[in-house]
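Multiple structures are listed underneath, in C-alpha cells.
Next come two complexes, and both contain chain A; in the first it sits with chain B, in the second with chain C.
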Partner chain A sequence: MKGKISIPRIFIYLFLIVASFLSIFPFFWMTTGMTNSAVDIVRGKMTFGTMFFENIRILFSEYDMALVLFNSIKVTGLTVVLCLLICSMAAYGFVMYKSKITQRLYALTMLTMMIPFAALMIPLFQIIVQFKLLNSHFALIITGASSVFIIFFFRQSFVTYPFEIIQAARVDGAGEFRIFFKIFAPSMKSTFFAAAIYAFMTSWNSYMWPLIVLQTNDKRTTTLLISYLSSAYVPQYGVIMTAIVISTLPIIIIFFAFQKQFVQGMLGSLKA
Partner chain B sequence: MLAPLIFFDYLTQSIIDWGIIMERKLKKYGLIFIAVAMILLALFMFYPVLYSFYLSLTSTKLGKTDFVWFANYKRILTDPLFWTSLKNTFVILLIQVPVMLFLALILATILNDKSIKFRGFFRTALFLPAVTSLIAYTILFKMLFSYTGLLNTTLMRINLISEPIEWMSNPITAKAVLIIAMIWRWTGYNMVFYLSGMQNISEDIYEAASIDGASKIKSFFMITLPLLKPMILFTTIMSTIGTLQLFDEPMNLSQGGVTAATIGPSNSLLTLSVYIYNLSFKYVPNFGYGATVAYVIVILIGILTLIQFRVGATDDEKEARKLKKQNRREKRRA
Partner chain C sequence: MKKILLVISVIALSIGLFAACAKSTPDTATNTSGNQQKDSQQKDTEDQSSSSEKQKITVWAWDPNFNIAIMNEAASIYEAAHDNVEFEIVEMAKADVEQKLHTTLASKMTEGLPDIVLIEDYNSQKYLQSYPGSFADLTDKLNYNDFAPYKVELMTVDSKIYGIPFDSGVTGFFYRSDILAEAGYGAEDLNNITWDRLIEIGKDVKAKTGKAIISFDKSDGGLMRIMLNSSGLWYFDAEGNITVSNNEALKEAMETYKKILDADIIIPTAGWNEWVGAFNNGDAASVISGCWITGSVKAATDQSGKWAAAPVPRLNYTESKNASNLGGSSWYILDAAQNKDLAIDFMNEVFGGNVDFYQTILTNNGAVASYLPAIKGSAYSAADEFFGGQAVFADMGKWMNEIPSINYGLYTYEADSAIMANLEDYLSGSKTVEDALKDAEAQLKSQIQ
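Then we have the complex of A and B:
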C-alpha cells in the first residue's frame, strides 16, 4: 500500500502545495516589492525591479531608518539580556530553594499569566508618567525585563536538573551565586537560547506599548515606523516593503540558523 | 557502653543543627534570587492589576476624579460602541479560531504521515508566517487587499471581475480580510503544537488499530483526536486569549491607522483592546471607564477559559469531579 501513488495521495500533495504556496507567497512578494516603485507594485509586477537603492535611500534619508533600527536594536538587546538574567535567577530561586514563601510567590506569579495587557496598560502608563520616563526607551526596557511567561519557561526546564550536582558543589565550598553562574547556567545553554529567542521576538515585534510610551519621531522603533508609513494618505508601497523586509530579516535569519531552538522558544516548551 | 552512644547522639544532633542553619541560609538565598523579578513584577504587574480594578470604580470629569462604585459597569450596558467592539471581537473569535485550529489539525495529521515526501520542506514553509511581526503581516495584507492592490489587479487580469472590489470599505469583507490574515499568520504556528503532540503518540496504537481493520479516518477520530485533546485545549485557550486582546491587526488594517476616526468601515474592526486604547489615549482620556472595559476582558478570559477546561476535560477528570460532588453532598447530609 505504502509508497504507491493513489488518487487521494495526489489531492493531499495538491493541498500541501497550495497551502505552502500561500504561506510563502507574501515573503516572495515583499522581496520583489522591495526592488520596485509604488506604481509597479500596484500594477502587480512580480519580478525584480531596479528601485531597490532608491527605496533604501528614501527610507534612510527621509525617515531616518538608521536611527529607528538603532532604537529597536538597543531596546530589544537590553531587554533580552536583562530579562534572561532576572527571569533565570528567579526561576532558579523558585526551583532550588523551595520554601513556603517562594512557593506562594510562584503561585501568585503564575496566576497573572492570563491577565491581558489591556488591563495593565492604564496604570502602567501612569507609573511611567510618575517616574518621568515618558518618551524614553528605558520605560520599554524596564517593563519588559521581568516576564511571567519566561520565568515559567525557565522553571519548566530547571526542575529536571540533577540536584546532586549543586549539593556536591556546595560541599566543595562554592558560593550560591558562583554555582548559578559558573556551574548551572553554562549547562543550560539551549534553554537560555530558546528563551532568548522568545524574548527577542516579543520585544522586537511589540507595538502597543511603544505606541503609548514613545511620542517623538527620534525615539520610535521599527514597528512604529512601518505603521506610520502605511497610514500615509498615498502610501509608498516600495518603501514600506523595504522597511518590512529589513525588520523581518533578523528574525528569518535566526529562524533558519537555529530552527530547533527557534520553534522551542516560540512554542515556549522544550518538547517540540 | 554508653560513651559511644552519647557520642553518636551528639554527632547526629550537630548534623541536624548544621542542616537547619544551612536551610535557613538557603531560604535567604532563595529570596535573593527571586528579589529583582518580584520587585519588577510587583511594580509592573501585581500593582497595575489591582490599581486597574480600583480605577474601574472611579470616573474623571473636568479633572476631578470621583469614586463611583459600579457606575462604570452600568454605563457599559448602554454603551453602543462597547457592544460593537464586543460583537466584533466575538465574531472574529468564533470564526477565526475554529477555522484556524481545524486547518492546523489537518495539516499536522498529513505531515505526521511518514510516507509523505518533503515533510521538512512543507513544515518549514507552513511555519514561516509565524516569524513575521504582527505589524508586518497586517500591512502586507492591507496592501494585498487595497482598492488598487495585487488581488484586485490579478482578478481583473484573469477577467474574473471587471471592476476592483472595495474589500476594505465594506464591513463584512473588511472583517473577512482580518480573519484571513490572522489564519495565514497563526495556522502553521498551531500546526507545530499538534505535530509535537502527535509525536508522543506511539506508532503501535495505529498499527494495532489497522490490524483490527480501522480505516485511517476512523483511527484519526478514535485515536489521534482523543489523545491530542490536552494539546487542542491548550491551543484553544491560547488563541482565545490572543483574540480577545486583538489590537495590532485591526489598528493597522483600518484606513488611516492610529489617527482614523473609525476603526474599519463603520467601526467593523473595532475590537475591545482598540476601544480601550481609544478611551484612554485618543478621546478625552477617561482612564476609569477604559479600565472598566479592560476588566470586562479579564472576566471574559476567566469565563471562557473555565468553560474550555470543562469541555476539554478528559473522562477521568469528569469522573473525579462527579465523585467530589457526591462526597460533598453526602457530607452535607451527614
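Then we have the complex of A and C:
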C-alpha cells in the first residue's frame, strides 16, 4: 500500500495543504510583519525586513511593553490558580454531595451562563466602584475567579470518578479536604490541565472588563495596549505585529507544553 | 508529571507573592504619606493645603502619535506655567474611549470619569443629548469666535456650546503632480473642479498613463459624507429629522459613486490597508480625504516632491462648495469632573489661546487646528517640500472657513450603514437610486426608533 497514489488521497492531501496554509499564513504574516516598517506592511511586503530591533525598541521604550506583559501575566496567573481551585471544589461539591438542593443550585448556576456579559457590565462596574476596587488588578482577578463553564467542565469529568474510592478513603478516616487534594485531584490531572488552558485563554484574552475597570496606563494589559496601538490614524503596523507576536507567545508555549494533557483532559481523565 | 505540577504551582505562587509585594509596598507608602499629608493639612490653614497638593487632570484620548502626543505637549506647556498641576493622560483605542465613557456615564458612577475626554465629531451629539448635564457648558468660558464655525455648530445643543474644538477634518484633493502632469493636467486644471470633471480627468489619466485616479472602497461611506458635507446637507436636518429619501445631494452622491465605478478609473480596494497601500505603492494617482490622510501619504518618503493638493471636488448641486470635512474630533469636559475649573482654565489657556502650541503640533503631528488665529502662524505658511513647495496647510486653513456648518445629529454611523447597505443594490443595478434611498430611510427609521 505504501507509496501508492490514489485519487481520493490526492484530494485529501490537497485539502490538508490548503487547510494548513490557511492556518499557518497568519502566523507567517505576523512574524514577517514584526521585522518590517509600517509602510512596507501596507505595501504587502511578505519577506523578512530589518526593522525587528527598531520595533522592539519602540514597543519597550515608548509603550512600556515589559510592564504591560507583567500586568497580564500577574492577572492571568492569579486568576487561573484561583479559578481552578474554586471551580474544581465547587464541581466536587456538586458531584459528591448530591441532593435536591445541590441539583437545583447547579441548575441555577448553569442558567447564569445565559446572561450575556453586556447585561452584567454596568451593575458589576457599580459594585466594583463601591468596593473601592476601581483601577485595581484585584477587580479583574476576583471576577475571573469563578467561571460557570469551568465548573460545568469539571463536573462533567468528575461524575466518571468511582465513588467507591472516596468512600474507602472516608472509611480510612481521611477528611474531605485531604481526599480532595491527596486522592481526588492528583488522579484528575488532565482535567485540571485542560481547564487551566481554558481559564488561561479566557483571562489572557479578556478585553472588555479590563477596559472598563482599569483607569491608568500603568495598569493596562496586553489586549488594551494592542487595541490602543491599532486605533491610530497612521498605525505603526510593525510595532503592532511585534506586540501581537509577544502576546501570542505565552499561549503558544502553554499549549505546546501541555498539548498531551489538554487532549487527554478533553477526552476525560479516567481510562476505564 | 508531579514535577510539572510542582513547578507550575511554585511559579504561580511566586508570581502571586511577587505581585502582592510589588503592589503592597508602594501602595502602603503612598497611603501613609497621604494620611500624613491629610493630617498635617488639617492642622494647616486652608489655602496652604490647597497649594501643597498637586491637582490632577485626567484625560482620555486615542492615537499615540496624534491626540496623545498633542495632549502631552499641551500638558507640558501648562505644567511649566502652573506648579500645582499634573496630568494623567490615559491611552486607549477610539472605540474603547467610547465604550468606557458610555458604561461609566450609564452607571452614574462619577468616580470613574475623567476630567477631559476626546469625542469624535460625528458622535458628539449622541453623547451630549443622551447624557444631558454630564458635560460642562462652556458657552461663556471660551471665545468661540476664534474657532471654525462648522466645528462650533456640531457641539451646540439648545444654543449652549459644550466642547473645545480640536483637529479639523478639512478635506483636500491630494494628487500625484507628476502622474497628472504626464497626462497633461497642471494645478490650474484641478482647482475647484466638480466630481463629473474628476471622472473625465480620471478617464484621460487612465488612457494616457495606465494609472487609476483613486483607490476606492465602494463599501466605505467616507466619500459620500465628503460630498454631503460640501453641500451643507446631512442624513438629518437641524431638527434631527431624517433627510434621506428627499435629499438632492445624497441622491447625486449615490449617482456619483455609480459613475465612478462604471468609468473604470479606480483601483477597487477592501479595507483601510489596501486603500492606503494603493497610493503608497504609486498605483493610484490621488486620494480624496480629510487632511489627516497627509500623514499616511507622507509615509511613502520616496514620493517626496511628487504630490500637490487642490480643493476637494464639488457636486453639481447648487449649494455645493469646494470645501468639506471628514472626521475630526473635539475635547469635552465632564461636568462632574473633580477638577472641572482647572480643566477649563487649561483648555482656555492652551487650546483656546496659544498660537505657538498650534504651530508645534502642526509641525510635529500634522494636526490642522480649527483655532483660526493659529492658521496665520509661521508653520502654516511654510512651504512643504513633500508637496512640491506648496503651503498646503495654509491652503487647508482657507478651505476650512468655507466648510458648510451642519448639525450631524445623533445617528451618523447608523445612517451611514443603512445607506451603504442599499447602495450595493443600486450599484449592481437591482434598484433605482430612488428605491435605494427609500429603503435606506425605512431601514434607518426602524433602527433608531
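What we mean here is this: the second predicted complex is superposed on the first by the 236 of 272 C-alpha atoms of A that agree within 3 Å, B and C clash if a C-alpha of one lies under 4 Å from a C-alpha of the other, contacts with A are read in each partner's own complex, and residues count from 1 in each chain.
The criterion applied here is as follows: a contact is a pair of C-beta atoms (placed from the backbone, for glycine too) under 8 Å apart; a residue touches a chain by one contact, two chains touch by 3 or more.
For clarity, every value in this text was computed on a predicted model and none was experimentally measured.
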{"item": "Three-chain arrangement built on chain A, chain B and chain C clash or fit", "value": "clash"}
{"item": "First (chain B), second (chain C), both or neither touched by A:S227", "value": "both"}
{"item": "More chain A residues in contact - chain B or chain C", "value": "B"}
{"item": "Contacts of A:T202 with chain B and chain C, given as first, second, both or neither", "value": "neither"}
{"item": "Partner chain(s) touched by A:S20 [first = chain B, second = chain C, both, neither]", "value": "first"}
{"item": "Contacts of A:Q156 with chain B and chain C, given as first, second, both or neither", "value": "neither"}
{"item": "Touching partner for A:L78 - first (chain B), second (chain C), both, neither", "value": "second"}
{"item": "Which superposed partner A:N217 touches (first chain B, second chain C, both, neither)", "value": "second"}
{"item": "Touched partner set for A:T32, first chain B, second chain C, both or neither", "value": "neither"}
{"item": "Which of chain B and chain C A:L105 touches, first, second, both or neither", "value": "first"}
{"item": "Overlapping segment of chain C (options 44-52, 98-106 or 242-250) - the one that collides with chain B in the superposed model", "value": "98-106"}
{"item": "Intersection of the chain A residues that touch chain B with those that touch chain C", "value": "41-44, 121-122, 125-126, 208, 211-212, 227-228, 230-231"}
{"item": "In the complex with chain B, residue positions of chain A that touch it", "value": "2-3, 12-13, 15-16, 19-20, 22-24, 26-27, 29-30, 41-44, 86-87, 89-90, 92-94, 96-99, 101-102, 105, 108-109, 112, 114-127, 142-143, 145-146, 148, 151, 176, 180, 204-205, 207-208, 211-212, 223, 226-228, 230-231, 235, 237, 240, 244, 247-248, 251-252, 255, 259, 263, 266-267, 269, 271-272"}
{"item": "Complex contacts: residues of chain B adjacent to chain A", "value": "26-27, 29-34, 36-38, 40-41, 43-49, 51-52, 55, 107, 110-111, 115-116, 121-122, 124-137, 139-144, 148-150, 153-154, 157, 184, 188-189, 192-193, 196, 200, 241, 244-245, 247-248, 251-252, 256-260, 272-273, 276-277, 280-281, 287, 290-291, 293-295, 297-298, 301-302, 305"}
{"item": "Interface residues, chain A side, partner chain C - complex", "value": "38-39, 41-44, 62-63, 73-74, 77-78, 80-81, 121-122, 125-126, 129, 134, 137, 189, 208, 211-212, 215-217, 220, 224, 227-234, 236"}
{"item": "Chain C residues touching chain A - in the complex, by the definition given at the top", "value": "1, 5, 9, 11-13, 15-16, 19, 23, 58, 62-66, 88-96, 99-100, 103-104, 106-107, 109, 111-112, 273, 276-277, 280-281, 292, 295-296, 299-300"}
